[in-house]
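Here come two complexes built around chain A, the first alongside chain B, the second alongside chain C.
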Partner chain A sequence: MRRVNWLGLAFLSPALVMVALFFLLPVVLTGFFAFTNMSTATGVTGGEYLLNTATLRSLADDGLPKDMLEKLASGGYRVDAEGLAALAAATTAATAAEMDRLHGGAEFAERRDMERALKDLRDNAIRKTRERKAAADLFKRSILNERFADEAQFAAALAETGIAPTHAAEITAGAYTGWAWTTENVSLLFALPSTLRYAANTALYVTLTLAFSVGFGLFLAITTFYLPKGQATTFRAIWFLPRILPPVLYVMMWRWFTWDTGFLATFSGYFGMSPKNWMLDTSYHAWTAVVLINGFVGSSMGMIIFSSAIRAIPTSMLLASEVDGASRWQQVRWIILPQLSWPILFITCYQTLSLLTSFEYILLATDGGPGRSTEVWSLAAYHTALNNYGGNLEYGLGAAFALVLVVMGLLASLLYFRLFNFKRLITTPLIEG
Partner chain B sequence: MSAPSSYRNWPILLVLSLVSLPLMIMCLYSVIDAFTDTGPGTLLPARVTLEHFRFLWEPVAEGRGSIWTATANTFIFAATSALVVTMVSLTAGYALSRLNFPARGFFLAGLIVLHAFPTITLIIAIFLILQMLGLYDTLIGVIVVKTALELPLGIWIMKGFYDTVPWEIEMAGVQDGASRAAVWWHLVLPQVQPGLMALILFSFLSGWSEYILPQVLAPGSEAQVLSTYLNSLILDDTKADFNLFKAVGLFYAAPVVVIYLFFQKHLMNIYGGGTKG
Partner chain C sequence: MQLDLIDFTKRFGNTTVIENMSLSVHSGEMIALLGPSGCGKSTTLFAICGIHRIDEGRLLFGGTDVAHLPSQSRNVGVVFQNYALYPHMTVAENIAFPLKVQKMNRIDREKLVRKYAALVHIEALLERRPAQLSGGQQQRVALARALVRQPDFLLLDEPLANLDAKLRLEMRSEIRRLQQETGLTAILVTHDQVEAMSMCDRIALMNGGRIVQYDTPTAMYAAPEDQFVAGFLGNPPISFLSGKGLGLAAPGVTQYGIRPEAFGPQFGEGVSGRITFVETQGREDLFDVQLPTGEILRSIQPAGSGITPGTTVDWGLAHDQLLRFDQDGTRL
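Take a look at the complex of A and B:
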């Protein structure tokens, strides 16, 4: 009979809360954000309603009838009760009464006409230009460039302009400055030619870096295995550095090494070559740098895991092969490598996933350059949503980029469960068993 | 074991030295250049100077914060997140390793799936969440996020350490009538102390090196940490003063190297096997 231990849940709860808040919630929210048009322009909270010339232009593109656009754009003046009351307060009641008698209910399209009507009042003509302009404003019934906090206010103002209700909804949607739900991001991802470029870059980056990491990691593990202890420790320590040094510092060393005043340029200068930036000169240089920078870090990890796997090989096997006259190459090929197949598979899986989503070293080294030649998928997400030169950060589109990575991460971990025998991990605890 | 000795060593040594040359040059010159001046077009330093360390007592440039603020921030950031990660992992790891509770398999699987989401897939959403919570551009916000993101790995590592503790210890404790909580506290915790140490150091180093989170979530000068400090120096300068960068870099890397030298054995537990799937 197995007992359930509630202590387990209690022990787990602090972790559950934190992970849910800043791990699960972001995953879910990434899914939501991917279907919005959030950007710096729309803000992340609500928005307001505003018609300006830019909105009118996009409404025109959407096929709003021309006369309606003109009506919205020209504004217009109407002598109504509200305006008259304001006029009475600003000037005198007699002025307002005369205005009502002469022009009550009249509409003027142009400011000039409105002002002339005020000027031409017989008994109470407003003569001072400044006063007349102020008075004309009281009758202004345009909603252009006016901000409204919520939809009801905007709808009321829109109705006042005399716009046909059939198009009100369209105009309201166009005037909204906040974010809205949309599926445009996804279609944009498929439509943009740059997306394909980023995908290709990512595939290239993952393949090359992975090959380098595994290959060079194996090389380091096997060569240091054959060295005496002191030398082996030294070399392992050196090759451990890329893994433990802070990325900013590690990439700074690379910058110095490859910069046009740095080591490579100075060194080749001794042989009469003109200095150049070895990291950013052409896209081939940039790719080499990106693969090496990431590959060194990857092989650092590979070296450690392969080394401990090699150490687990029984010495007797190696000695026996030596007695039988095996060359070093044969020993590596037929004894060591077969023992490493499992660690190699592990490193391959682990690093494929982390390379797919990592961009820190690329950001620090080439920042996707020169041009966009080393811009990988995750870096594109970062640039789109969090840091670009245009200044308008498109959170929604960036989240759509990230969502693709989330989905790939999920699929990959499902695959890994099958590969690495998940059942083995959940052997039941013995005490309750 | 030591390797079979009938093979010659020097070809390996030669090849290994050659491929290690770039890395050795980079590291060596980081130290050399921080303490010397070198004329243009040559690799040989001209004179020894401490001038590149002037950032220690005066701001590097107009309007740039003091390095000590950044250092204090980095320390608070790394230490707090390391402590919280370790404490939370200590209980959660034990639960996952030893206790039988509802949906245990689900939580274990979830842990591995979470492990598959590095920071970046989430950072856009986190950025927006922090803005809505009003924690954007504060050190607290970055600490909380870093801690949460580091947790799955921390729990996983801690679970690994608990897995190596022999069951007999707990069996004996339970047999003698102690509760599971008491057994955990008095009998099991002392057994995983090396792992505890390793996890604290590992998460501290991880926080100390972190760049992307502070860069995105707290770009202001108030919450600046050493990584963003150094990188803004590198990006800002039109004429790259690598001697200064390297001096700052040495200052930045010193704790990392010291911790590594002293606690190599502990750390190897994690770097070498902790990520084992």
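Take a look at the complex of A and C:
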């Protein structure tokens, strides 16, 4: 039995806190949000109870009997003691007394009738329209458009309207403006045709960008390997720029390059082509831009990894292949590339994961456009939850988008762990034991 | 095929490492480039196979100048010190590689691979990878790979340096056997004089970027050009003495070279000294004898004499084997 090393655990605890805070908590929260209907409308805290025409419409859709709907919608005005007291306070006691005398206990279905009653008071007629409207409101006894802070108040008001208690629960749920638990987000994901489009976009984006960055990274690594040292370093430094440049600046340069008054448009103008936005002209343009922008960043990373892997190949092996008669191309094909299979696999796995979740370059370059043609999954999650044109930010649905990525990432990581045989890599070397 | 290196000069930057060196290797001959570290022997080998550019001079393969051809078009087989096998290929693929880059068809390729694998005795290992082989087996694969393309020359760069003592002995005779069976012209680079003497027809002894002497092992041992050659060849090494302690004097001679086998009781008496060190080598014993002048003479004797350090002896010299050198170190 091994003694627990508390000191070691104490030293580890800052790291554990970090992991929990920045890695575990976001995942847990994503899972949590994904099963709520949170949005700008519901807010993320609790809500109030409010019946309005929109609620009534959705209740009607849910099959609430028509007579009940009418009851909820009408309600109307009632001249009761409470209203009279308020009227006395708002105008004069005489007005209230006359109102009581003429219309005490009366009910009006329409606002118009209520206002006429106030206007037609013989001695204390309220002539100003604004005052009359305000006075009419004092007698309003409908549940419609009235906010209730908690469920008990709403229930009391509902009882007053004479709604049958059998439907009270349904109406209460409909009137609640806060968030609630739901599994609708997930079923919505599978039902919406746009999600299929996003998935296809993501697959296209990851495949093309990965192919470009691995291929171009290899090309750069191999060509710079055969250059004299000084030149090679210069070239690698230049090709490393996209990675160390701030994304906003990097993409801004691309936009300058492709704008309808930018470099490409100006240059092609010399050949008589009418200027156009080369990035957003068609979806083919947009896709080319997206793949190139991300691909150059990815390939600079691949280039560094591949370069060092090539330099790790013993020189004598390359010399041997030369005296064996291999040309440059044969040397690359049969000696260098086979020994790069691990770095290539590593870059592929690593880039797949990061491409699945990264959208900042697309957001800055095309923002998913034109239309939704370059909208990838993670960008859709961002747009749904945090930034959309309609203004109603659907946190719950966005989290459901993100949750799919989390699950895919976990599955892919497990696969890679197997593939790279991490277990073997981290076992204690035999020589130590 | 005859190899001629004429007025070869090699520079690295501003440093000239080899200047105006000439070397001829006859067809079917195996020669050694022997010398201490940094004498330019590997540089010469790499220049011959095309890895290093030849700055000046000519390199003739059977009369054709190949000095400006890349290594791919020189048709030489090279065995590197660390064998430089391709780790991602099987033994068979390694051996077949020079044929594969020539785009030879698979059937011919396999036939040749089997033939050369049999020649170096590794038929059973063809499906293994280099990492699964011992040093000696890797060496054999490297040899087969160098031989399979039927090269004009076989170049060996310190091929035995990475092997243990027993394997080294075995591979020494193995390489010589292969060279003689194939009739190839071969050049061996080594710093080990025993290797050079036992394996090669001729030795080119190099020092400081030039060939000091180029001769058969026997001739070079018996008649070294100068003091460096005499000192480099022979194990245990030769002793150099001024002659005063030996009672010898001749006009112009400043140094006498006496090999251990040329000094001992079998040659009578005349040189007396005290035994300071005895090294037992099994079959033989090696003695260090200190003369009254303080100089040390070495002697090698059959084992079992029972002489211990501290004993004073009076032994003789084999005068016909004495080597005489002038003040420049040249043998007279």
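Convention: the second predicted complex is superposed on the first by the 351 of 433 C-alpha atoms of A that agree within 3 Å, B and C clash if a C-alpha of one lies under 4 Å from a C-alpha of the other, contacts with A are read in each partner's own complex, and residues count from 1 in each chain.
Assume contacts are C-beta pairs under 8 Å (C-beta built on N, C-alpha and C of every residue); 3 or more make two chains touch, one makes a residue touch a chain.
Note that the structure is a prediction, hence the values are computed from the model and not measured.
Partners chain B and chain C fit side by side in the overlay (superposition on chain A).
Of the two partner chains placed around the shared chain by superposition, neither chain B nor chain C is touched by A:Ala155. When the two complexes are superposed, the chain touching more residues of chain A, out of chain B and chain C, is B.
Contact with both chain B and chain C is seen for A:Leu319 once the two complexes are overlaid on the shared chain. Of the two partner chains placed around the shared chain by superposition, neither chain B nor chain C is touched by A:Ala211.
Within the superposed three-chain model, A:Val27 lies in touch with chain B and out of touch with chain C [touch as defined at top].
Of the two partner chains, chain C is the only one touched by A:Gln330; chain B is not. Legend: residue contacts after superposition of the two complexes on their common chain; A:Phe225 is shown touching chain B, with no touch to chain C. Contact with chain C, but none with chain B, is seen for A:Gln339 once the two complexes are overlaid on the shared chain.
Figure legend note: chain B and chain C, brought together by superposition on chain A, show a least Cα distance of 6 Å.
When the two complexes are laid over each other on chain A, chain A has residues 319, 322 in contact with both chain B and chain C.
Of all residues in chain A, only 314, 316-317, 319-327, 330, 334-335, 338-339, 341 touch chain C in the complex they form. Interface residues of chain B facing chain A in the complex, by the touch rule stated above, are 1-4, 6-7, 9, 12-13, 15-16, 19-20, 22-27, 29-30, 33, 40-43, 87-89, 91-92, 94-102, 104-105, 107-109, 112-118, 120-129, 131-132, 144-145, 147-149, 151-152, 155, 167, 170-171, 174, 180-181, 205, 208-209, 211-212, 216, 226-227, 230-231, 234, 240, 242, 245-246, 249, 252-253, 256, 260, 268, 271-273, 275-277.
By the touch rule above, chain A contacts chain B in their complex via residues 2-9, 11-12, 14-16, 18-19, 21-23, 25-27, 29-30, 33, 38, 44-45, 219-220, 223-229, 231, 235, 238-249, 252-257, 259, 261-263, 266-267, 269, 296, 301, 304-305, 308, 311, 315, 318-319, 322, 328, 331, 346, 349-350, 353-354, 357-360, 363-364, 378, 381-382, 385-387, 395, 398-399, 402, 405-406, 409-410, 412-413, 416-417, 420, 422, 425-426, 428-433. Looking at the complex, you find that chain C touches chain A at residues 49-51, 70-78, 80-82, 84-89, 97-98, 100-102, 145, 149.
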